[in-house]
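Both complexes below contain chain A, partnered by chain B and then by chain C.
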Partner chain A sequence: MQWAHLRESLRTVVGSEGLIEPYEARKVYECDGYTLERAVPELVVLPASTAEMCAVVRLLHRAGVPFVPRGAGTGLSGGCLPLEAPVMIGTSRMRRILEIDSLNRRVMVEAGVANLEVTRAVTEFGLHYAPDPSSQAACSIGGNIAENSGGPHTLKYGVTTNHVLGLELVLPDGEAVWLGGWVDDVPGYDLRGFVIGSEGTCGIVTRAILRLLRNPEAWQTILAVFPSVAAATSAVSAVIAAGVVPAALELMDRLIVQAVEQAYHFGFPADAGAVLIAEVDGHSAAVQAEAEAVKKLCLDAGATEIRSAATERERAELWKSRKRAFGAVGRLAPNYCTQDGVVPRTCLPEILQRIVAIAERYRLRVGNVFHAGDGNIHPILLFDERDPQEVRRVLEAGREILAACVELGGSITGEHGVGVEKIAEMPLLFTPQDLIVMQALRQVFDPEQRSNPGKMFPSPGGCVEVARPRRQVPV
Partner chain B sequence: MAEVAAPHTKMRAQVPAARWLECVHCGLCLPACPTYLELGTEADSPRGRIHLMREWAEGRVPLTGEVVRHLDLCLGCLGCEAACPSGVRYREMIEGARVAVEQSYQRRWREALLRRLVVDLFPYPDRLAILLWPVRLADWMGLGPVVRKLPWVELVPLPLPRKKAAAALVPARGARRYRVALFRGCVARVLFPQVEAALVRILADHGCEVVVPGEQGCCGALAAHQGDRDRAVTSIRAVLRVFTEPVDALLVTAAGCGAFLRSYGHWTEGTELQERAKLLALRVRDATEFLSSLKLLPPARPLGRKVAYHHACHLAHAQGIRDEPVRLLQLAGAELVRLEEADLCCGSAGSYNILQPQLAQRLGERKARNILASGAEVVAVGNPGCSMQIQAALRRLGADIAVLHPVEVLDVAYRESTA
Partner chain C sequence: MALGSADTWQHLASRLQKGVVCTDLSSRQRFALGSLLPQAVIWPANEEEVATTVELCAEGGVALVAWGAGARQRQLPPPWRYDVALVLSRLNRVVAYEPDDLTITVESGCRWDVLGGLLAPRRLWIPFDVAVPCQSTVGGVVASAAVGWERAGQLCTRDLLLGVAWVTGHGQLVHGGGRVVKNVAGYDLMRLLAGSWGTLGVLTQVTWKLLPAPQERAIGWVGSRSLVHALQLAMACQEQQPLPTSLAAVAFSPSAGVAEAWRVGVVAGYSGTPEEVRAGKAILEAKFGDACWLPEADAAADLVRHVRDFSLVGPAQPWAAGLRLSLLASDLMTCAEALATVVDKAQASVCIWPQRGTVLVRFGEQTPRTSCLRTWLWANEFAREHRGWAWPELWPERWEFESVSLPHLYLSRRVKEVLDPMGILSPGRYWRHW
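Now for the complex of A and B:
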């Protein structure tokens, strides 16, 4: 099928409003939250329903054209960079909440619905959707599923895969299938689980049935200020060792604390070395006891100041410092690159030391904010994109940090995914056999590798050094 | 592919290069943007617009009709600025871009004419009053509801208030506590004189002497929003000439005017006006802001009606005034109901509903549906533009819900108590 013909056929499916052709309007789709690499799609299609999605994908299938799915474009690993795929398919017009089953605590939504919208829609029933990435106001459920996203509350409640009962997937040939359903434990292989975290390489998720949780009866949020990161991490270890499972346990280091202080004036002491935010929830009696325990352990570890919140407003205020940390860092330097790695919790002090050393070696400023409870670190490397040398140093330092994570028995990504950013690091974690098996599995869904090609897996036969074919890095 | 464009000097002159870098492309502003919520297109989101403006400024995208279209579709509601964690100064970007667009882009004649009409008619109360004569006549003949079905005319409040000359000075009743000046606004004074009257009554009753300079014209916002810097500065100069008397505050009932008056310093940068402009800006207070600082007594009988409060963008996002109007409504004894998307732009946005009628209509109806769902009997709105837009949208949906300024709501409560 010819390109022009394909375009017209697509137009009849999605209408003019759903088809983006002019170069200027496509240009803005050239990157997501990871801005180091860019590529402009040849065409952007925005279907408004599963039916339209199937029709669109079927047309692309017949024409043999690869495509890349896009949610809200908040991804941090270049997952929706249109590499080797001329057509981008967005879910931004699929934003309906389809069915709320408050009694059984389930909800069916379209993939383009923003994470926070789900919680907003069910608040009146005293329910919420647990996974809460810091980007939750903007990121889509489809994107969360593709990245198996987590958030501060992952520690106690788990990541996306623990909260998706079923999903509707449009396969790369245009057929829609349901994996999982309204109930837990569908017998047979867990294909739903396979698709969650597959970063758009199995097709496009169009609808999902999500599990909702009852809002905890009580909670308490505690913010503790420490003189150093080491003191704060030892508090983390102590809390976990004491058998308390906080709903969230988040750490910010000096640089980040200063950034949020500068942006929002929380009144943190100027010499604060780290801030730890812990939240405990559950039955009121237990919460009280646990909160006291956490406070005591923090003080024992050297905390110089403790604040706690028990009203919704105070809580939001405490969380604001953490949830807006990434953005506040934007004020420190023209650009930043957020890394994402995992280490066993006990290795936190060690990895932090290594990060500091790596940053020094590459002459870079680095800040750390992380989900301390599950050892998910987010070093933030500051740079100026107008300095090509510095950009290169950022890329290299990032790679070294990930290698260090793997060395300490961890992983190269906790929640931001592999995308294009970390393709080269996959062999650090997996043997060639592992990678072959994974790709064979992907072929079950996408035999022609037309859904989000060029992501996650190093090019065939490739190793770390393999040149990346069509990626344009502005250096 | 695009032709290669030279870095755009006019745009570069408007927005310093470093501003662009403040946007880290995180997308957290997307859900706050009405045009993105309606259209779902990245180029109609804050992040997309910033991207486009930057590409244009730096010469990677030429200034084409397509670029202009996406910038024109921006409401200037600043929902994005309020949501951005990175402190991006979107307002300076878009206002700068609008000036640069007018300097370098040739609009089609119909569009250019329409834009001319907006800046040539609305900022002049006398011209606007003449323009409204046919509507007045139709209303008199009992055809009010019929003509309100026409585009543009639908925005005119029904019934259309009579023209009233404002007294130049209203003395305080009892001991004088404050002396304040009233900025009347060009559209507000013609279409919503009752808001002004309500404000003056409350002020006088609470020990404020009100000065109302007669010669005042437009604040300049309408011209500025269209990128007509010269004309905006001319308006600013005239305002500075009129408001010279020493007062404790310069009160505004139109959020759009208030927000612009507060940015006078920015607009007169590098001119001889700047010092005076900054001083004037410091005196500006929204009427609700000033009233809630007065510690007013509640009316003897609480209003008791269900009221939804719509956050006008130019109050909430541009001036950060969110709690004060709500406090006035509480003082009035209104029963506040929850309004979904209360701070999402209604689509009025200055002259947007005239220049971009389609999207404005969609946003107006989105707002009206939320209002209907809230169960409110009254919607309180602190900006005349929003009032017109919301009235029209509610009428289109066949709903009979009163749209009042928070100051009017309070005034009604006071008057009902004494009646």
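Now for the complex of A and C:
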């Protein structure tokens, strides 16, 4: 099929409001939150329903054209970079909450609905949707499913896969299939579980049935100030080892605390080496005792000050400081790259020391704000993209940090996904055989590898260069 | 290699350690499934031997069934081909135990009760229980996605798997996941394998996420006059926090061997900190003045054992056949009302886990086949009408039931073809024709 003909056929399906054609408008879609690589899609298509999505994907299938699914574009691993696919399919016009079943604590939503919208829609029933990425005001449920996203409260409540009961997937040939359903157990292989976290390589998720949780009866949110990151991480290890499972355990180091303070004036001590935000929740009978235990463990580990949020407003403020940390980093440097490694929780002090050493060696400034309770680190590497040497150093330092995580028994990604950014690191975790099996399974869903090509897996025989110049496949 | 010939086993034996391959009748009889006897029983000592065995079986088109301790083998119909019983009980090592990180990696033949015993001194647990833990292995629990009536929150088997190593139907050793509590690198193969009943590969290692074990537990009983009433009481237990960590409404048939006093009622367990348990007990006592607390380690625990093991069907259990429904909580009452008449007529026993929406119906030997069949047809229709699902569990003969949608079925079949192209792993056990 000719490109012009395809474009017109797509227009017939989605109307002019569902096609983005002018270069300037398409340029908005050239990258996600991972800004080190960019490529402008040839065409952006925005279907408004599952039926339109099926029709669009079927047309692309017939024309043999690869495509990239995109939610809100907040991904941090280049997952929706249109590198080997000219057409981007967005879900931003699929934003309806279709059914709320408060009695059974379920909700059915379209894939483009923002994460926070789900909780907002069910607050009146005393319910919430547990996975809460820091980007939750913007990121979409479809993107969350594709990345199997986590967030501060996933320490206790689990990540996206623990809360998605069913999903509708449009396969790369345009057929829609429901995997999972409304109830806890469904027959057959858990293909729903396989698709969650598959980074758009199995097709496009169009609708999902989510599990909602009751709001906890009581909570206590604690801010502990430490003289150093080492002291704060040892408090984290002590809390976990003591058998307390807080709802969240988040750490920010000095650089980030200062940036947050300058930007939003939350009242953090200027000389803090690190702060830990710990939240315990549940039944009121247990919360008090657990909060006391956490406070004591923090003091034992060297905390110099402990504060508790006394009201819901103070609690919200504390969380705002954490969730807006990335925004504050923008004040520190023109650009930053957020890494996403995982280590066993007892190795947190070690990995943070190694990060300091790596940063020194590469002459980079690095801040840390992360999900400490899960051992999920997010070193933020600051740079200026106008300096190609510095960009190269950022990429190399990032690779070293991830290699160190693997060496300590961890992983190259806890929640941001592999995308294009970490393809080169996949062989650190998986044998060639493991990768072959995964790719063979991908072909079950996408035999021609047209859904989000060039993501997640190293190309056969080739090793991925750091920051190699990548181009889009011409149409 | 000629399929199933003496050569086959000699060839296999020559590649494995001494004593690993047995073809004598008594060994084979121990691993019979229905009327089928395997031609050989193989006890590999490590994952390399598992891989070698599966590879050679694939070359010769030899069909194999992986065995743990056997507790769940009879939940499914026998395979339509069965040459080798691959018994994993010698793969029972702890590969890595990191109590401070709350993770453990064990081989798949490790017994569930042994694993529990290992974790107990550090007050840790894998936060759900399973039926007959002393006859269950890690591999069997994962392969059947078994989950018992006690769980922490919504968590079930699939939610607690951090990593797996397994041998595909080609005989290749493959890994998925890792050993840390958060990890999204690569596809989630753990979920694919959990509940695949050994049809996609032979599990050799599993890494679990651990949680601190409850400091205290209390299990209460409230007797009731009927299943419907018992379910009403159980639902009432969920109105207030703390929620029970285990909850079942039960109605045992007179022939189920349960003491008359425990036949119909609610079993509600609270576990957690002493404060939580105290608050839970207060709720139950305030709601139901006649609630009684079961002594922890004694034989009133017989009732608890009955409830815990209720999900298993098979020769060693009181049930000859059964069915399971997965429903939304709001449909449980209608289901219980409809079941109430069936239960009496068919002398069935019923156990409902309201928190998970699971309804288990069990029939004894004496139940006429037509009653079982009628109940099954009703259950299937009820589930469909209410956005749920129903499964037959252990029927002497194979009963057709419509499971997943056609596109789902097609994808499942392709997954099976990728991981087991020769169709040697438990053929026909999970999916009728493949």
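Heads up, the rule we're going with is that the second predicted complex is superposed on the first by the 463 of 475 C-alpha atoms of A that agree within 3 Å, B and C clash if a C-alpha of one lies under 4 Å from a C-alpha of the other, contacts with A are read in each partner's own complex, and residues count from 1 in each chain.
In this text, a residue touches a chain if its C-beta (ideal position, glycine included) is under 8 Å from a C-beta of that chain, and two chains touch if they have at least 3 such contacts.
Keep in mind that what you see is a predicted model, and the values were worked out from it rather than measured.
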| item | value |
| --- | --- |
| Which of chain B and chain C A:179 touches, first, second, both or neither | second |
| Partner chain in contact with A:263 - chain B first, chain C second, else both or neither | first |
| Contacts of A:138 with chain B and chain C, given as first, second, both or neither | first |
| First (chain B), second (chain C), both or neither touched by A:53 | neither |
| Partner chain in contact with A:415 - chain B first, chain C second, else both or neither | second |
| For the chain A and chain B complex, residues of the former touching the latter | 17, 20, 22-25, 27-29, 31-33, 35, 44, 46, 72-74, 90, 92-93, 95, 112, 114, 116-117, 135, 137-139, 263, 324, 326-331, 334-336, 384-385 |
| Residue ranges of chain B touching chain A (in the complex, touch as defined) | 1-2, 18, 21-31, 36-37, 39-43, 47-48, 51-52, 55, 60-61, 64, 66-67, 70, 83-88 |
| Interface residues, chain A side, partner chain C - complex | 101, 103-104, 106, 147-148, 150, 154, 157-159, 161-162, 171, 175-179, 181-194, 196-198, 211, 214, 217, 237, 240-241, 243-245, 282-283, 285-286, 288-290, 342-346, 371, 374-376, 409-418, 422, 426, 429-431, 433-435, 437-438, 440-445, 456 |
| Complex contacts: residues of chain C adjacent to chain A | 98-103, 123-124, 145, 153-156, 158-159, 168, 172-176, 178-192, 194-196, 200, 211-213, 241-242, 272-273, 275-276, 278-279, 324, 326-330, 356-358, 387-389, 391, 403-405, 407-409, 411-412, 414-415, 418-419 |
